[in-house]
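Letters A, B, C, D, E, F, G and H mark the chains in the order given here, with residues in each chain numbered from 1 onward.
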Amino acid sequence: MKLTVYLAGEIHSDWREEIKKKSAALDLPIDFVGPMEIHERSDNIGDDILGEQSTAIAKDHAASSFNNLRTSVLMHKADLVIALFGEQYKQWNTAMDASAALASGKPVILIRPEKLHHPLKELSRKASATVETCDQAIKALTYILE
Amino acid sequence: MKLTVYLAGEIHSDWREEIKKKSAALDLPIDFVGPMEIHERSDNIGDDILGEQSTAIAKDHAASSFNNLRTSVLMHKADLVIALFGEQYKQWNTAMDASAALASGKPVILIRPEKLHHPLKELSRKASATVETCDQAIKALTYILE
Amino acid sequence: MKLTVYLAGEIHSDWREEIKKKSAALDLPIDFVGPMEIHERSDNIGDDILGEQSTAIAKDHAASSFNNLRTSVLMHKADLVIALFGEQYKQWNTAMDASAALASGKPVILIRPEKLHHPLKELSRKASATVETCDQAIKALTYILE
Amino acid sequence: MKLTVYLAGEIHSDWREEIKKKSAALDLPIDFVGPMEIHERSDNIGDDILGEQSTAIAKDHAASSFNNLRTSVLMHKADLVIALFGEQYKQWNTAMDASAALASGKPVILIRPEKLHHPLKELSRKASATVETCDQAIKALTYILE
Amino acid sequence: MKLTVYLAGEIHSDWREEIKKKSAALDLPIDFVGPMEIHERSDNIGDDILGEQSTAIAKDHAASSFNNLRTSVLMHKADLVIALFGEQYKQWNTAMDASAALASGKPVILIRPEKLHHPLKELSRKASATVETCDQAIKALTYILE
Amino acid sequence: MKLTVYLAGEIHSDWREEIKKKSAALDLPIDFVGPMEIHERSDNIGDDILGEQSTAIAKDHAASSFNNLRTSVLMHKADLVIALFGEQYKQWNTAMDASAALASGKPVILIRPEKLHHPLKELSRKASATVETCDQAIKALTYILE
Amino acid sequence: MKLTVYLAGEIHSDWREEIKKKSAALDLPIDFVGPMEIHERSDNIGDDILGEQSTAIAKDHAASSFNNLRTSVLMHKADLVIALFGEQYKQWNTAMDASAALASGKPVILIRPEKLHHPLKELSRKASATVETCDQAIKALTYILE
Amino acid sequence: MKLTVYLAGEIHSDWREEIKKKSAALDLPIDFVGPMEIHERSDNIGDDILGEQSTAIAKDHAASSFNNLRTSVLMHKADLVIALFGEQYKQWNTAMDASAALASGKPVILIRPEKLHHPLKELSRKASATVETCDQAIKALTYILE
């Protein structure tokens, strides 16, 4: 049995690399997918595809279309979503992706520092499971496959 | 025809009152529902129902159950969700509620200041419509009922 | 038993008035809903709500949001959709609304002149029933309620 | 990861060939499916299968059954739909297929010339993303797979 | 609490009248709906609405559209379906309606004479409950409302 | 706004009466529905409707059909399910009803003594909220309606 | 692309063999599944699994469970259902299976002799396509895969 | 055709081994999945992943999250669920899993001793089929694949 896992969350740190490496080290039969991790590529994708947009708003609008398209296709392929929240950034896309997954019956593991317990309490209660570190998420993936 | 509208978003300002009053002044046939707006009641609802919890985490866990329960029952009753984002606060519950509504086919009007255009671009693209003020949201409700 | 019927289709002729009057004359217990029928209001609704948009494309984009919002709320309320195609206009919204209704299990009556039999053959085959005139659609509504 | 993409739209130009060739040139792991592209085969498929039908209407009716059957089976297999609109033809099937895909949660890329911005504004707002050329659609597919 | 019950099955005997009368005598808060019970009206409804059709097949095709339309609208309104099978007739519509109801999560009471136990065993196993007479079906309705 | 609440759980104590009385005392706008509470009626309902069955197994089989029918109709009407577990009895129907409600997106309040924390931990984690007494469940209902 | 096709319908003639052979001769990439075709095995499967049942009704009840189980698992695997009606037999299972497939969005090809046009008109109108012979069904399968 | 079967039920006896061995002996093309079978691992999994929890309740709460996560991922992969009830233990998870599977349209085979006929009559009536031994369940699996 092979699993596909969508990694939702911020793209400014290397947490996805950490998860992928540790999963590979354990030989877990998992394919990881996720959002575009190169920040400028993600912000400029509308211009990259449609040509330079005339305003910042038009640019954002165009970029958001292709980012949503990518998320939608890849999330449909996933058996499970891991959503990581850090202490910086608004991370509304992370909340949006985790909630969309839950609403369509897809299991979600939430990773967040204990510090964020309070503001994430409702999302944490809806998630399948909540952990604090990537290592713990890997342990949860391992448990599913034991 | 009567509509039920769920008002998702922060509970620290009086934006819900503004919407309700303006809707009443226009005689719009709309019932508004939403989360508990008394902040301490929302944070303490677990203790209020189950008795004092032993730790902050247990208290949050208990409170989140009843807040999610309330949201779930009322959101199912709604024909439409209005989700407001302001410049303060993390507002992950707002993103979670808006996304859950969209994922289950419920129309969503997003209210957010122009300043938040960039971080909300993906959610805005998925929403049925995005406006910047409560007045504009009222105009959108009026348009549905014209 | 009361029915709600969504009237999808062009807004340049008075076919909706014809259906409403004939339904009223027969005392059919039906509430009719539908898209904004004042063409300029529909085209300008983005500017009306958000203020004047800077380009024709931005104006269209804004207007389409509120038109889709309206359609989405009212179509969810409907027990049945009547979609009329005439010989003029592109009428892609009519095809879009009829198809969305069918895809979500909502019955659709198609009204189209015999002349359009060929280009509408696939949509007609998916529709619950196809007629050629408003009078025939009224007869179909009457039959449901007999 | 392999994707299946359904190419909805007119069958009078060679836009599907263009997309398939460019996708192959980029080694994108994509299988393309779509409607019958030989126009007479599509129009005559009812007669081809059931024998010559007695009237033009019966012929259309028979053909539409098998065209819908084909679309239904292949669209269910697709991860994503690309729908192209040109300036000629009514293209109601394209609107119908794009809308059915969206209504069942399948992502849709709309390709249309800027000239058609206005009549397609509502469908464009519902689509996951809108582009103007096949090249741009290829870039969008590439972005999903990066 | 009021229930709506769809009465699927043959239209050649007066079993629907029996159920309605007995339900009324018991003051059960139930609205009954069902197919057109006047056989010629049902067979001719295509001609009645669209004008005389040129062939028996065209006539049947037209009639079936409006019969399916009626069933679809009324079945969506129902909380429960009662499907009666007798010893005569093919009754494929009864099997079709009962199965469609079950497939969409709607409870079904099957009424059939013991003699038909064998050929209806698979449908009976899928139905919510199976009885042999209208009186027993009334008792089942009563039980729901006790 | 009026709510309908299904009360799942054992029928040997008077916990439903307690909830109904306390809800009435608080003027909560709630209609309560639930399984047949007269034990012999529930066990004999197959014989009561179909006549005496020849074996204990046939009797159970017949009774279960009508009990499931009743539950299915009433649970569809409910906005919310309250499921109570006590220390006696197997209560597999309670687990079955609570799980079916959750699987179809209906909110569930679990009532169980602390003693049963361990064996109910997985169901409790899936439920919207878990409480220990009827009084606490009433407080949760009140919170939804505040 | 490989398709799985469920062959619903009577098990007394060799129509399934005809379809499988002709499909193989054309090298169509199709796996066929269907109900148990050995009549006694199907009727006795309850006894074969559970031991001899005490009555004809208990025997039928037991057999129907395993026949429904088989159908349910295999139909979920299918991309498409072919349902054949002949002039003999009640064939209520065929109607039940075709209708369940349609209600869950699965395309259905109906095969029936012209003679059965009238009693099958409503099911035929709901089916994706209707043909009269196995050869025509093979042509329809071929068309999907062209 | 390959099937995936989820084995729900108690983890204190070796019934899963029996089913797996007998399936292997018959060369059935079936992959079996199921809950964690090492009791302490299942009870401690929260502590194993998150670190030692401060109270028995916190420990149970943490463990239940990961057990539900595992069940959710694996049950989504399954074509069919086998749920075994024995005479010991509360087995509420078994009832919960079987009911969740049925509510989402997944076929379920119930295994239970005749002794438990009465308390399981409602769940048995909803299950696809009920048997008394693992051998009988194997025969049912064989029948699906014949």
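Following the convention adopted for this analysis, a residue touches a chain if its C-beta (ideal position, glycine included) is under 8 Å from a C-beta of that chain, and two chains touch if they have at least 3 such contacts.
Bear in mind that the values here come from a model prediction, so they are computed numbers and not experimental data.
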Chain H and chain C - chains in contact with each: A, B
Pair sharing more residue contacts (C-beta pairs) when F-G is set against B-F: B-F
Same or different contact residues where chain C meets its copy chain B, judged by the half mark: different
Identified repeat of the G-H interface (over half of residue pairs identical), from D-E, F-G or B-C: B-C
Most widely separated chain from chain C, with each centre as the mean of CA atoms: H
Intercentroid distance (Cα basis), chain H paired with chain E, Å: 38
Rounded Å distance between chain D and chain F, as computed from the means of their C-alpha atoms: 49
Chain centre separation in whole Å, for chain F relative to chain C (CA means): 43
In chain B, residues with contacts to at least two other chains: 61, 65, 68, 104
Those chain pairs that satisfy the touch definition: A-B, A-C, A-D, A-H, B-C, B-F, B-H, C-D, C-E, D-E, D-G, E-F, E-G, F-G, F-H, G-H
For the chain F and chain B complex, residues of the former touching the latter: 1, 3, 79-80, 105, 107, 109, 128-132, 136, 139-140, 143-144, 146
Of chain F, residues touching chain H in the complex: 56-57, 60-61, 63-65, 67-68, 71, 85, 90-93, 95-100, 102-104, 117-126
In the complex with chain C, residue positions of chain E that touch it: 4, 31, 33, 36, 41, 45, 48-50, 65-66, 68-70, 72-74, 76-77, 104
Contact footprint of chain D on chain E as seen in their complex: 54-55, 58, 61
